[in-house]
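In what follows, structures are represented as structure tokens.
After this come two complexes, each holding subunit A, first together with subunit B and then together with subunit C.
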Partner chain A sequence: MLTIEEIKKQLKDKYQNSIKNFDSPYSTRLFVDIDKSKVRDISNEIIRMGGRYLVSVGYDNIARDKTLGLIHNFSMDRDDIFVSVRTAAPVDNPEFDSITPDIPNAGWSEREYIDLLGMKFKGHPKPKKLILADDWPAGVYPLRKDVPWNLMPPAAEDVAYELDEAPEGCTTIPVGPFHPTLHEPAHFAVFVDGETIKGCDYRGFMVHRGIEKLCQTQLTYNEIPFVAERICGICGSVHAATYAQCVEFAAGLKISRRAEYIRTIMLEIERIHSHLLWLGIAGHLIGFDTVFMQSWRVREAIMWYSEKLTGNRKTYGMIVAGGVRRDITPELADELRSVINTIDKELMVIYKAVAGDTSIHRRTKGVGCITTEEAKLWSLVGPTARARNVDIDSRRDHPYAAYDEMQFDVPVVDSCDVWGTVVVRILETFEAIKIIRQALDKMPAGPIMTEFDENVTPMRHAISAVEAPRGEAVHYLISGEENRPERWRVRAPTYPNLQGVPAMLLNDQFADLPIIIGSIDPCFSCTDRVVKVDVRSGAMSHLSSGDLEKISRAKKTAGR
Partner chain B sequence: MDILYIVVNILVFLALAPFFEGVVRRVTARVVQSRQGPPLAQPYWDILKLLGKQNLSPGNLAFKIAPVVALASILSVIMFLPLGYRENALSQYADVITLIYLLTLGGVACLLGAISSKNAYALVGSSREMITMIMVEPVLAMTLILGAVKVKSLAIPASVLSVTGAGYGASVIIMLVVYLMALQAFVGRQPFDIAEAEVEILEGPFIEYSGPNLALFKYYMLLKQMFYAALFVIVFIPAIKTGFYGLDVLIQLGFVLLVYVLIAVLGSTHPRLRIDQAQKIYAVLIVASLVAVGLSVYGI
Partner chain C sequence: MWLTSKIKQVLMVLKPGVVTLKYPFEPHPVAKDFRGQPSWDHHKCVGCGGCAAHCPARTIMIRDVCQDLRIMLYDGSRCTYCGRCADVCPENAITMTEQYELATNDKNDITVNMELFMLTCQRCGRCYNMETTNMIDKMGLKGYRYDSLEARAVIPRATEHLDIKMLEETEHYKRPQK
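What follows is the complex of A and B.
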């Protein structure tokens, strides 16, 4: 076990001259301000101490001291500590040493800031465009404060992303941007030799909406949770909860215990429905539609219950900074008990059927194999990591909400393949049912909202992680003026997991591609707006949600 | 009268193939998947709808004629089938080898259409289809040859109708099991729907087809499915001859329905295999069918 003091001491002993300041507002958070020349060494030192790379945060600090800030975040999983390494570079020469050669998972974070903030990373192995559209003008960095949030540069013709060269003797099979395996737009160029996959290149972020920029410039603290929920169509509560916790950390707010219990219950409800959804999709991806239909039938009960509790099947709008918006009455609690009892029984039937089905084993065992070491190297999270014998779970490692009082197991298997992710997810669903039962029994009485005066001291840093069904979601928040964050960075669990997919695909069969990509339960964050294009004139107009409502109502009245 | 039998063959198959597909969908939905499922007539509507849609084509001749060739070849096969245990006017002009050729021609037409579309998914799909064709064809051939060995004739009605003539010997039982296992591959359903695998290669060979051309291919697939189901009934279910032609046909169709239920249940309780895994199963089936024919030579 390491304590914050020991981490400070070890870093001071080695890098006395490069460390400017330590800040530890909570016993579980450590912020280290360092000189940018040692960013790679200190990151490696933290990894050596047992740290796991989470995400990097870049931010525009030009107005204050003409610098661009960069923060690398790490989690000490065994010690319940988050270490954030903060550094900065002058805006006229924003060059940092890349940490990607040692920590491959930092690759996307760094590429993101090349695109969005105009940073440079020395020694980055693949500094290609990641987020911005191919026709985005050079030299316009949308996350900088001087770029307006609603800037729409003119579209350009004849620009295309240059995919990596296919290895010799390989054919390129395009998977995406629209493909039944993906459910959301993203493009994998898969290089195959016969039917064997020899590599792939990924081009995603096709529906990147700039939610972070929008929230940093337009919305207030307690409007953001509702947008945060819409980051993901499946695990919305997770993002609202992570964000709310960040704000509460920054504001030094302690919310009521009952609200924390309700948050726990909401998060576990979400886990149950998400895992059942995944099990169905996984069945569909290997051509086993019966698994698909049956697990979605079982899932339907929890969807109906959610609608009764929150008014929505999904995107509950329950969690805001300061607490939750709706209480769980004793009647609703009883109903939830009976719903999860049914799911418990019915899922057990499916579990036994799946576990005993040799043809499912044939399609999932030994497929998408990567070793525990590779999984750790790529900083994989969630069931994807736990199926590879990486024993991490932020509910247990960094308890939040009411998880400190819950008794539950973290299923970990060492099969290192897709089958492992099936087992882990089903077992986790049973654990989620267990957690909901305990939470309902132990839930204390009390208010569900704690007064949040929205008056947060500017420039306070906060980091928070919540275990989403797909793995941990990490949010980083820097409080700002005008009642809104200065910087809000969201890292969904698919962000690290997707970077590990090429390693999982290597030397597998093309027929296994759907289930391998599916095994991380990818979620490309998809709430896109509708654009109407007049084909003849090429004129574009946007349909607002009001217009869509009108159209659908008109159709309904017309009886179509 | 002989001509009538041909007409009945064609009409029965054209009329009922979509219905039986509807049965498969309904059984899959109601019995296995806790769903309502589409109406029994849905496959008819599907085909009608496709007929009214736009025909898109990359512009080469092979692509356009492939669906016609496929449908024509399967209809020719159906004409020779001794439904209701009756020979027809065409029987004397062909033997079981012709039957196999015509069936293969349908498969080749699919490949031709797929390859001429030059789509990457279609190419993957057609290479898988080719492997499947090469590896399950022998099972069909051996089934027909088993009968031919027994009557020492390659004539269609004689060899097809005589497999169970001497009762269920070891060779017939082996062949029956092998045929049942290969059935899902013949009709392109799970676990052997590898060539079309929707989530990987989006219906593979048919990806570029639309409208009436696709409708023809769909009809071809439906007819092929019914042909294999009917062949099973004619070959392996001992003849229950009532003496009335119409009644014989009806009884046979009843059995065909049962085969379809089996297809539905097998299809909905298995995931799709990978082509390399399927190949291993096909190899076992080929060897087993050869053993059956070998045994039949010694009258076992």
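What follows is the complex of A and C.
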């Protein structure tokens, strides 16, 4: 077990001259201000101490001291500490050392700030466009404060994203942006040799809604939870809760215990319905529609209950900074108990019926394999990681809300394939039911809202993580003036997981692509939350359907 | 193994039977506290604009067209039905109804336009509602009648932090003389 003092000491011993300041407003948060020349070394040192890379945050600080700020965040899972390494570079030469060569998962974060803030990263292996549209004018960096939130540059016709070259002897098959196996727009260029996948390139971020910029310029602290909830259609409460916790950390606000219990119950209700939804979709993707229909039938009970409790099936609107909006009355608590009892029984029936089914085993076992080491290297999170024997769960590692008083297991399996994610998710649903039962029994009386005066000291930093059904959602907040955040960074769980997908696809069959991509429970819209434009020009020169037909016929006649 | 799974699956499917609802041919009632289309009670509204200030989707607009008339416009086409307006309304003039079948070709079907007759504040020149049912009158506070010019000078201060002591002071408040 490391303590903050030990981390400070170890960093001080090695990098005495590069470290400017330590700040630790809470016993679980450590902010380190460093010189930008040592970013890569200090990041590696924290990884060596047992850190896990979370996300980077870039922000515009030009008005204050003519710099662009960059924050790399790490989680010490065994010690319940978040370490944030803060650095800055002058705006006329915003160059940092890239940490991607050592931490591949940082690749997207860094590419994001190349696009959005005009930073440069020395040694980045793939500094291509990630977020902005292909026809976005060069030199306009939308997250900078001088760019208005509603800027709409004119569209251009003749630009297209340059996808990676297919490896020697491979054919490119485009999947998406609109494709029956993807429920949201994203483009995968899959390189296949025969039926075997040899690589893939991803072009996503087609559903930017500009949420972060919008909230930083237009909304106020207690309006943002409702927008945060709409980052994701499935794990809405998660984002609202993560955001609310960030604001409470920044404001130094302690909410009532009852509100924390209600938040816990909401998050677990969400986990139950999300996992049942995923189980259905996974069944559907492998052509097993019985599972799809039955698990969605079971799920319906919790959706109707949510409607009674919160006023809506989804987008509950329960969580705001300072507490929750509706109370769980004794009658509603009794009803919740009976609803989860029914789900418990019926899910067990489904589990028993599918667990031994050989057709499911054949479609999922040994599919989408990556090793535990690779999963750690790519910083995978959630059930995707736990199916690869990576034992992480923010509920246990960084207890928030009322999870410190809950008794539950974190299911971890070592099968390293898609089957593992199925098992983990079903077991987690049973755990969620267990947690709700405990929370209902232990819930103390008290107020559900604590007065939040919306008067947060500017430039306070706060980070918070919540275990969403898909993995860990991380929010970083810098408080600002005018009753709204200066910078609010959202990292949805799909963000790291999607970066690991090419590794999972490697050497698998093309027919398994839907279930492998589906196994991370991808949520492209959560991932693509940042700026404000759609990718307009999707024109890419790929094989037409006629070409494909010709090739497949040629292969057939050649005896394949 | 394969066969037992299939038998279990058949039983799993047969036991619940058909669960599909007959909706839309039969009505589907919603829960008691459902957050449907918000509705405004113009008798209760005092035109304070709290709903407009708190709406995350900015669907409620307030505009003073002249000294005595305040227009409140609710544009339902962008509403997210979060119910924040109903929460903050001091007069409980907003209720979230059970209406959810709101698909329409005409945007005006889900737009609410209210014209509120207001009085002009002698001090700041902006309008406020002075019907007999407004919040200030309900509280039965002394010195808040619109014809009491002396007391009106402290309204902006008093309404922010209602303080009994301060109210007592207002009884003897004297307007500053030129």
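We take it that the second predicted complex is superposed on the first by the 525 of 560 C-alpha atoms of A that agree within 3 Å, B and C clash if a C-alpha of one lies under 4 Å from a C-alpha of the other, contacts with A are read in each partner's own complex, and residues count from 1 in each chain.
We adopt the following convention: a contact is a pair of C-beta atoms (placed from the backbone, for glycine too) under 8 Å apart; a residue touches a chain by one contact, two chains touch by 3 or more.
Because the structure is predicted, anything quoted here is derived from the model rather than measured.
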| item | value |
| --- | --- |
| First, second, both or neither for A:509, with subunit B first and subunit C second | first |
| First (subunit B), second (subunit C), both or neither touched by A:173 | first |
| Touching partner for A:308 - first (subunit B), second (subunit C), both, neither | second |
| Touching partner for A:290 - first (subunit B), second (subunit C), both, neither | both |
| First, second, both or neither for A:122, with subunit B first and subunit C second | neither |
| First, second, both or neither for A:14, with subunit B first and subunit C second | neither |
| Intersection of subunit A interface sets (partners subunit B, subunit C) | 290, 293-294, 297, 359 |
| List of subunit C residues in touch with subunit A within their complex | 1-2, 4-6, 8-9, 11-13, 16, 19, 30-35, 54-57, 80-84, 87, 96 |
| Subunit C contact footprint on subunit A (complex, rising order) | 219, 222-224, 226-227, 230, 290, 293-294, 297, 300, 304, 307-308, 310-312, 315, 317, 325-326, 349-350, 352-354, 356-359 |
| Complex contacts: residues of subunit A adjacent to subunit B | 171-174, 179-181, 195, 283-291, 293-294, 297, 359-360, 362-363, 509-514 |
| Contact set on subunit B toward subunit A in their complex | 28, 32-35, 120-121, 124, 190-191, 193-194, 197-200, 202, 268-277 |
